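Both complexes below contain chain A, partnered by chain B and then by chain C.
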Partner chain A sequence: MQYLKAAYRVAASYAVSIAILFFLLVLTLLGTLEQIDHGLFAAQQKYFSALFVVQEVFGHPILPLPGVYLLLILLFINLTLGGIMRFRPGWSHVGVLIAHLGILFMLLGGFVTFKYSTDGHLTLYEGERSNEFQSYFDWEIAITEVRTDGPAKAFIIPGAQFTHLKPGENVTFHRDDLAFDLVLSDYAPNAEVRPAMPGSDASKSVGNLVLQPRPLEPEGERNVAGLRAKAAVKNEAVTQEGLLWGLSSAPFRVTAGGQAYDLTLRRRSWQLPFEVVLDDFTRELHPGTSKPSSFSSDVTVIEPQATQQIHISMNKPLRYKGYTLFQASWGPQDAGPNDRLFSTFAVVKNPADHWPLYACIVITIGLLFHFCYRLIMHLRKEARVSS
Partner chain B sequence: MKLQLTHTPARRSLSKLFPLVLSCAAGLALSGCGGSGGSQEITETRTVTNPPSAAAPMGASPASMAMAPAQASFAWEAPAGWTPQPATATRIANFKVDADSDAECYLTVLPGTGGGVEANINRWRSQLSLEPYTPAEMAELPTLKVLEKDALYVGFEGIFTGMGGGEKKEGYKLLGVIFEDGGSAVFVKMTGPAAVVDREKANFESFCASLKKTAATQVASNLPEGHPPIGPTAGSDLPAGHPEIGGAMAPGMDPSAALPQGHPDIGGVVPGTMGDRNDDSQITQWTAPASWTQTPDKPMRLVTYTAGPEGKAECYVTSLSGPAGGVDANINRWREQMDQTPLDAAALEALPKITILGKPSPMIEIEGSFAGMDGQGGEGFMLLGAVCPLEGETLFVKMTGPAAIVKQEKDNFVAFSESLK
Partner chain C sequence: MNGKKTGLLVVAAAICVALSPAPVCAQEAAPSTDAPAPWSKDVLDTFSVIPIQEGGRIKPLDTYAGFQLLGSNGRRTCKTLDGESLTPMAWMLECLFFPERASQYKTFLIENPDVLSILGMQATKDRDRYSYGDLEPHRTTLFQMAAQFSGMPDKSRSPAQNQLINLAHNVSQFQQLTSYLHFARHPFPVGDNATLSALFGGKESVRLSDILSAAAALKAEYTRINTAVAQGSDAAAKADLERIQTLIKEMDSSVGESTALTLIPPAHPEDKEWLSVATLATSVFAFKADLGPQVEIVRALEGLVDHADDPAAFSQSATALNQSIVNLARERGEYDKVPMELTYYRADFFWNSLYLYILSFLLVAFLWMRPKSRVLNITTLIAVSIPTLLLVAGITMRCIIRARPPVTTLYETILFITAVAVVVALAIEFMYRQRIALSLAAFLGALGCFLANKYEVIEGTDTMPSMIAVLDTNFWLSTHVTTVTMGYAAGLLASAIAHVYIISYALGLRRKDPVFFRNLAGMTYGVLCFGLLFATVGTVLGGIWANYSWGRFWGWDPKENGALMIVLWMLIVLHARIARYIRDFGIVMGAVCCGMIVAFSWFGVNLLGVGLHSYGFTSGIAKALTTFYAIEVLVLLLGGIAWVWRPVPAETSGEETQDTTPRKKLASSRA
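Entry: the complex of A and B
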């Protein structure tokens, strides 16, 4: 019991609050410096999405630090317990309590966004339609039945289940209704496929091709992952080996149990609850320059029950059924006047989309209440003194 | 505010809890470690309404390729008698050349250098159980025009062991072309019995000649005014060995206030190879003469104007990444377009200079018979041109048209060129 009380006191203390804020400042500085050379995505993954960071000092990884993710969890606990510990009934504390609740709500919104939001892009040429959007960074392996007679089943292995593999590590995936087990190994977050040169290590080549790891690009979306895949056909001493690579011109085809499957490493994709058709894309240029002043898209949103025409432009996204589609980019960049253009939409699904706004409103209300209360108390006191 | 650290109960509590905190931290750290081995069940499935068919290769659509680095699409004309085979992971085009043998021909494009042209030629030689070429032999290899590039063209006969060093086949021949193109290594290779390969040699060369790049997915790096800069841009900023960015590329994302909080900047990338339009050009403004009329955007040009009666003269600005072949070579290219002989070094040095972006830039005035890149032109034309080499790019300002009109517009041309900024 005494340990619990001690933990409670420490967790609710101002010292912990200050320590957390100090580390947040340090990590923000380190993350900002990191992104100069390694890009925003890598810096976010290393400092802001991690529980712990092992910081390199003069090239040596020797300084362990808490990650921002852990610090914000601790801050949430600290603010909650601190509020409970220091709560005193009375109007003088109401405003501060409301502001605290707003901050806690802001932190909670951040956690929900981190854990449960999904973002990617949807790129369409004029006239094209799609109900899927793809991640910028994440990968997945799709094992798709090859069929000519109607819909097929695709088995999906999310990247989170294999992108942690280090050289020499492997993981096996199985499923009862899949005729083979899939062993994945030698994952490289950025790689290119090369012909195996004479004299090179034959164990590393597959079909005379090797996966050559490359340094990570600062811009995370330019990394093309690759890994080795071995399909072990069930109940047969047969294995089929191939390379899965993000830029393969064709899938790795596996035949097992009389069924062919196409294995592809591709960007993680998600389905939208509606279909989007790009009807028209327009752009305007600044006079006398080749720089666009604005660009926008006219789309049709199609559902089984309804169809609606929507105009999406910069700062005017489409918000529908929990998804937000922002006008993000377009191409081809050297399109002639009559060339077909494509439009790229950033797609976000975030349950906590407006929570920061609500949190700010709550904090504002709390602070206004507190300031008004203090002002009234002060004026009353002044009135009593002067009388 | 009084710091709790000075508060005795908290300090005592902290010291009591230290071993517990340390254990928890260690546990959390260890729990973050990935593991090897083990088996997992696949739990996620989807229904695909357009499943892959037996022969369908993986297509490249804007959606699938938009986030990838450069990977152009190709088109070709298959020679008669060649049977298309399914594409594979690296064979974009794949053919069985002869029904009665295992002769095959395929096209492979790999981002990066693919190990290098010479290394791959010697790799092919090792597949035919032949010694590698010496540097002198490599230098004497013939070339074949493929995708407007001079590709090294090789042909040799030997004992074919194939790529996996398997069964040895005597009397086999290999024909191959290999070159680097826009940050990718391109290979076209035909192997088979020597008699078959000799018979199909003309078809091989016509297949190579028929290769074309199709319109590729590209990304706009031209952001609206006020956009913060986004991610990767010109090829000149790419690290050494990085594939060129062109064709299918990562879309440039707008990190404006419209993006959700925490949304990462997404880089737009632009082709920046020599000879490619440089959309990271420093040039963003100019002052055109009032009498000129701006025309719609054309490929490879920053801006295009027409001038003179009925707009018969045309003036445009192009920016190409890097030296783009060099000032002298481009001036002589213009002279060639005007059916004039090239200038020697002394004559090039003596050309008059105008000032573009503070740099003295040679300007040339050529009268003659104009044969433009797009086939337009004729007799009695004039070309005014100025070339300005800058940091990371080369700027070209060019005006062509009937000689009488261009002469009248010369002062306007100079003023326009000098207004670029």
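Entry: the complex of A and C
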């Protein structure tokens, strides 16, 4: 019990608060500087979404640090325990308490967003329609039966099952209702497929092709993943090997048990509960310049029961059925006046969508109350001194 | 100027140069270089208030001329060969009406001798000004090299290469300006062609305004003759057709150079894009634009060229030009803010504030010598308040002109942060009455105005640019940007007060006056609290803006991270104080570090060249920032060394400082 009390005192202490804040500051600085050479996505993965970071000093990985993710969890615990430990009734503490509750709520919102939100993009040319949006970064493998005589079965292997693979490692995907097991290996988060050079390592090539890993792009969404896939047909000593690559023009076809399957590596995708048609995309320029003054899309939202026309522009998204569609980008950038344009919407589903606003209001009220209370006390004291 | 845009302009300019192998102004049969009297005030005023569309907005011609000259010459004046100083408007009139003379003025500032080496020119000084005449023989090399450097990635270009690109851009702009009125200097011969003679009332030669006025008849005649020729008409019809074609080609070639000034409001209210003489002529003949009163503008420009040597007639033509354009702009509802903008630039708020802050700082120095002088006290307070009012008035006028909140660009952050820091410092002075905050108000006011003016000179472009699409929301600009900038201002002010503490302590000043130090620490603490409120709320509001506009609350963008670092550091300092890990000395040392973090967030992250906040990218501040950090490290070292060798002035604990009444302490100290 004594140890528990001591641990509680330490966990709720100012020393721990300050240490957490200091580490957060250092990691924020390091993560910002990391972006110069490696881009935002890599910095985010290394510092901000990680539990631990091994910082390189002069090129040597020697300084272990807690990651921002872990620090925010610790800060949440520290704030909660500190609030309980230092709670005193009275007006002088009310403002601070409210502000800290607001911060707790914001941290909670961050956690919910991190864990449970879904985000991706939906790109449509004028006249096109879709109810599916894709991830910017995540990949999945789709295994689809090739069938013309009825509905085809599809199996999805989520990226989480293979994106952790390091060179030399492999993982086997098995399902009872699938006629083959799939062995996945040599995952590369950014790669290209090239013809194998004469004399190159035959074990690395598939047919006359080889998967060549490439350095990660500073913009994470520009990475194109690739990996090797070996299909081991059940109850037969037959294997079929192929390369899965994010930009492949044709799927890797496997035949097992008299059935053909197409395997593709694609961006992870989700279904919207409604369909979106891009009716028109408008780009306006400031007069006499090539500087855009606004982008907007006229869309039709189609559901079985009804359709509705919506105008989406910068700073004015569409919020519908828990999803938000933001005007994100457009193209082709070199389009002429009569060319068909496409519009890209960032699509987000976030259960904690409005929590930051609520937290901000609470924090503002708390801080304002605290500082105004202090000021009033100060002025009263002054008045007493003068009298 | 933005590198990519400059690059495009230079490439475009290089193409123009390739098409016209010799500079226009050298070819001109321009009016004599013996000038009439200097430009009269009336003429300058008449031209200054003429509206022009540039950079996506309507502005006075004077503003346009000011930034053209500033961008090229590094200052808003230009010396004639006689040593007379020209205003931007006078310089622009010289370029338009006396191009040969203007080409002899030294209006191109070259700050890097390597630029001259690239051009094969002899450097007289490291930093010097050159005339168009000096650069003209190297023009081809200039544009070729600029096109080559523009193709390189921004990050890999050297300062000299960047400057050469800017020089090419400025030279190109100058050429466009000097050749703008080429069409008015050379009437188009009609010759003895009967058809054309009949169309133009028997004139032997016609002006552009005549051709534009007769455009409809000319086109009809052309169509009639063309049809007749197609049906196998006689040789006379063919000759007529060829003569009309030649006239239109001559006109096309002549007005092709009149693109620099988009002075002509379009006829249709729904057309947003104003026209230059070139685009007007092209549009009229392409059936894209109706010709109404716009032709009067062309006629007035021709009149100005005709009367360039006759001041009285020139003044009349200037008035006619002014009235033609202003009336059209008024009808479109686009003129209202033009006179106000002219007043804004003429009032020169921020240079005048700078001078007055310097003056008030001198008065503060006298006040330290005669602290009991009531007259001096009041005078100094007024002396600091006047430039502050000017600063606030300048910011307010910018808000009205742009119909925007006070902060939308990096330049405006400097103005706003200065104003907030000075006003908060004056409020602190009101509470403490120790002259410290008053001195800092004068110092920070002068420093802020100096930085703002310097920034404007370095950038050399309009400080009221049109907004990029993503920032076009007054609600978030007025909430997030304003509050977070107030947080910056507080961080910097706290740092400034802390400097006074550390330097006084290290130098052993007021050693026997612990209240002096306690009050300084109290001020620093108070300003940090103020800063925490605004930095926290501002940073969170930024996240909410991002969440509601782009779908993500926090994107770890460098600018966001900078703001977060300020909040985190303020929290560290304030919590360390509550926990009594630090006291007064710790607070002030922490405040100096806070200033360094604010500088990183404010300007440092812009040097990284990554992130979404592209409105804040600038170059040329790395040296100033490095110097700032070197000074701050020295101040911290100074404080640290003093702390080792000298006892810290009697300190207050966390709670004591909050509850201490400054005046009472001051009174007891004096007693």
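In the analysis below, the second predicted complex is superposed on the first by the 361 of 387 C-alpha atoms of A that agree within 3 Å, B and C clash if a C-alpha of one lies under 4 Å from a C-alpha of the other, contacts with A are read in each partner's own complex, and residues count from 1 in each chain.
Heads up, the rule we're going with is that a contact is a pair of C-beta atoms (placed from the backbone, for glycine too) under 8 Å apart; a residue touches a chain by one contact, two chains touch by 3 or more.
Because the structure is a prediction, the values reported are computed rather than measured.
A.B. asks: With chain A superposed, do chain B and chain C clash or fit?
C.D. replies: They clash: once the shared chain is superposed, the two partners overlap in space.
A.B. asks: For A:P158, using the defined touch cut-off, is the partner it touches chain B, chain C, both, or neither? Pick first, second, both or neither.
C.D. replies: After superposing on A, A:P158 lies in contact with chain B but is clear of chain C.
A.B. asks: One more residue to check, A:F371. First (chain B), second (chain C), both or neither?
C.D. replies: Second partner only, chain C.
A.B. asks: Is A:E382 touching anything from chain B or chain C once the two structures are fitted on A? First, second, both or neither.
C.D. replies: After superposition on chain A, A:E382 lies in contact with chain C alone.
A.B. asks: Is A:T32 contacted by the first partner chain B, the second partner chain C, both or neither?
C.D. replies: Only chain C; A:T32 stays clear of chain B.
A.B. asks: With both structures superposed, pick whichever of chain B and chain C touches the larger number of chain A residues.
C.D. replies: On the superposition, B touches more of the residues of chain A.
A.B. asks: Return first, second, both or neither, reflecting whether A:M197 touches chain B, chain C, both chains, or no partner chain.
C.D. replies: In the superposition, A:M197 contacts chain B only.
A.B. asks: Going by the contact rule set out at the top, does A:E241 touch chain B (first), chain C (second), both, or neither?
C.D. replies: Touch status of A:E241: no partner.
A.B. asks: Is A:P251 touching the first partner chain B, the second partner chain C, both, or neither of them?
C.D. replies: Only chain B; A:P251 stays clear of chain C.
A.B. asks: Name the contact category of A:E275: first (chain B only), second (chain C only), both, or neither.
C.D. replies: In the superposition, A:E275 contacts neither chain B nor chain C.
A.B. asks: Figure out whether A:C360 sits in contact with chain B (first) or chain C (second), or with both, or with neither.
C.D. replies: second
A.B. asks: So which bit of chain C gets in the way of chain B here: 114-122, 168-176, 420-428 or 510-518?
C.D. replies: That would be 168-176, the one stretch with clashes.
A.B. asks: So chain A touches chain B in one structure and chain C in the other; where do those two contact lists coincide?
C.D. replies: On chain A, the residues that contact chain B in one structure and chain C in the other are 13-15, 18, 39-40, 44, 110, 113, 119, 218, 285-289, 291-295, 314-315, 317, 324, 326, 328, 346, 348, 350, 353, 356.
A.B. asks: Quick check: in the complex, which residue numbers of chain B touch chain A?
C.D. replies: On the chain B side, the touching residues are 1, 3-5, 7, 9-10, 12-14, 16-17, 20, 25, 28-29, 32, 34-42, 44-49, 51-54, 57-58, 61-64, 66-69, 71, 86-92, 109-112, 114-115, 119-120, 122-123, 126, 163-164, 215-225, 231-232, 239, 241-243, 245, 249-254, 256-270, 277, 279, 284-288, 294, 296-300, 302-303.
A.B. asks: Which residues of chain C touch chain A in their complex?
C.D. replies: So the residues of chain C in touch with chain A come to 53-57, 262, 272-274, 466-470, 472-473, 476, 529-530, 532-533, 536-537, 540-541, 543-544, 547-558, 561-562, 564-565, 568-569, 571-572, 575-576, 578-579, 581, 605, 608-611, 658-659, 661, 663-664.
A.B. asks: In their shared complex, at which residues does chain A touch chain C?
C.D. replies: Within the complex, chain A touches chain C at residues 13-15, 17-18, 21-22, 24-25, 28-29, 31-33, 35-36, 39-40, 43-44, 48, 106, 109-110, 113, 119, 218, 285-289, 291-295, 314-315, 317, 324, 326, 328, 346-348, 350, 353, 356-357, 359-360, 363-364, 367-368, 371, 374, 377-378, 381-382, 385.
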